[in-house]
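Got some structures for you, see below.
Two complexes, one shared chain (chain A), two partners (chain B, chain C).
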Partner chain A sequence: MNNIATQRIKREFKEVIKSEELAKCSIKVDLVGDSYTELKGEIAGPPDTPYEGGKFFLEIKVPETYPFNPPKVRFMTKIWHPNISSVTGAICLDILKDQWAAAMTLRTVLLSLQALMAAAEPDDPQDAVVAKQYKEYPEIFAKTASYWTNVYAGGPNKNTDFDSKIQRLKDMGIESDQARGALSTFNWDLERATEQLFS
Partner chain B sequence: MATTSSESDSSRKNTDNKENESKDEQNNMFECNICLDNAKDAVVSVCGHLFCWPCLHQWLETRSSRQVCPVCKAVISKDKVIPIYGRGNTKQEDPRNKVPPRPAGQRTEPDANTGFPGFNFGDGGFHLSFGIGAFPFGFLTSFNFSDRPHGVPVGGQLQQDDHYLSKLFLWIAVIFIVWLLLA
Partner chain C sequence: MASYFDELHVDEDEVPTVRVERLTRETFRMLFDHDPIRYGDMVNYQSSPPASKSEIEKLITPLFDELLGEQCRICLCQYQVNDKALTMPCKHIFHEDCLKTWLEKSNFCPLCKFELKTDNKMYELYKEELKKRQARENNIAQLHDLMFS
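Entry: the complex of A and B
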């Protein structure tokens, strides 16, 4: 890797370790392997959001041209959010694309993602299905996001109603992630989800 | 007496600490906003942000269509940054005049004027054009053989394109030299 990229990641590493956010357990960065090209980020779900209490892991890939080009970031933890793909974890955030600036750091990226979790932008969605639900059925959206946080990110809010619907589909031989995805997509309408899964 | 002296001791310690902290802050103040190291060949943008010139140059190259400050995203340009000269810097050279290190992967066309045989024999039009005309083919043949080892499969189309392009550039260079000599 190009020297400036490695040097900078090393410095940024120290910055995150010294930061207040780390002390508050709000963001964290870890190395993956020996090289500084791949890192693992961790964000705590922001308070007063459906993600509260959850821990979200991120895959961070540092390009050779860093910091002149942004790092490639993806959610490894499944999340229900208009600007993050519920399938791949791909993120739609301007600073990770054309609004990137060379003075931004891993710390500012993680804090921006945390801010995005707290304030979605449904008009510039990554996941159109989630964005539609966010706009049309905000209550169902909040329950679904909170449920996903419980299942995938260790959040505190269980939902037995959703659990039983998923169990019904599992009894029909559907895998649980797939069942959860279909039910979330169809606003927890069991009939429509079943129809779509078997069509 | 004892209390006073211990008080003055502790107060001195406090000021020492403060001095250290402010020293740290001062060091941070002169860190480049891109590489986060002490700024080398320092320049400052009109919005007041400090960079190494090579770092800022590479940023401007990367984002040539949208040149903004990496910190505050104000509009900036190469002509509007101010070089900073500290005391003791004997050659007060504008860092912008130095050629900054370029990113890897950029290649420059060879200078047609250097190492060109026959250039010095510019005494007759006929002799010159003959020398030049024969040169590119010999050069290209040897180039192709030495560059690609035998037995390595190469995309035919790509090689042809390469060949065509290098031939084209050579001819442009040749025409340029002839024009130079005749003018």
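Entry: the complex of A and C
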């Protein structure tokens, strides 16, 4: 990796460590191995959102051409959000693509992602299914996102109704992540989810 | 083909380059009218073109006083004696090498998105068209306020 990329990441590390967000436990960056090309990010779900109380981990890959090109970032923690793929964790955010600027840092990226979690942009979706639910059934969306936060990110809001529906599908031999995905997609309509899974 | 040119009010005897430019402009206009959000984005979302070489050459060197105790926001290093730096028209300062590497890729200031001119004709036409549209909308808004306030 060339010098400027490594040198910059090292400096940014200090910046994030010193930052007040770290003190508030809201964002964090860790090294993965010895190289500075792969990092692990962590963001706390923003307050007053379905993600509140959850901890979300991110895979950050720093290209050799950093900071002239953006880092490649993906959610490792499964999340239900219109701009993040519920399957792969791929993110649709302009600053990670064409709106990147060389003066942006890992700290600004993590804070932007936190802002994206608080204010989704359903008209520019990464996950069309989630975006549709967000627009058409906002209450179901909020419950589903909060439930996913509980299951995958350690959030506080349990949902026994959803749990029992998943159990019904598990009894039929469906694996739990798959059952959760299908039920979330079909707005927790057990019949339609079953139909889709067995079609 | 004649009717197509007629429709766009293009004189077939026009010098070809002028005609191409007018047609491009008309095409932009039609796309905008058809679906401004989508086609505005279409041009916008192709990552911005590099800054024009002549524009980069015009950038001035800051005084050493301006660098004292400051940090280049691209490499995040403090300026040292003998470091070469450049000032953007928006007054933001960066190391010469850092800024040139960036401007060879994108035409805007990494801090405030101030745009330098590019050599990409399409992009310049698009920006001009966008500016005109905004001016027109402002005029209409002003007129509206005058009439109804």
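The rule we apply is simple: the second predicted complex is superposed on the first by the 199 of 199 C-alpha atoms of A that agree within 3 Å, B and C clash if a C-alpha of one lies under 4 Å from a C-alpha of the other, contacts with A are read in each partner's own complex, and residues count from 1 in each chain.
The working rule: contacts are C-beta pairs under 8 Å (C-beta built on N, C-alpha and C of every residue); 3 or more make two chains touch, one makes a residue touch a chain.
All of these numbers come straight from a predicted model, not from anything done at the bench.
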item: Contacts of A:67 with chain B and chain C, given as first, second, both or neither; value: both
item: First, second, both or neither for A:103, with chain B first and chain C second; value: both
item: Which superposed partner A:12 touches (first chain B, second chain C, both, neither); value: both
item: Contacts of A:4 with chain B and chain C, given as first, second, both or neither; value: both
item: Contact residues of chain A, present in both the chain B and the chain C interface; value: 4, 7-8, 11-12, 67-68, 98, 101-104
item: For the chain B and chain A complex, residues of the former touching the latter; value: 33-37, 49, 55, 58-59, 62, 66, 68-71, 73, 103-104
item: In the complex, chain C residues that touch chain A; value: 45-48, 73-77, 98, 101-102, 105-106, 108-111, 113
item: Residues of chain A touching chain B in the complex; value: 2, 4, 7-8, 11-12, 65, 67-69, 98, 101-104
item: Sites on chain A touched by chain C in the complex; value: 4, 7-8, 11-12, 15, 67-68, 97-98, 101-105
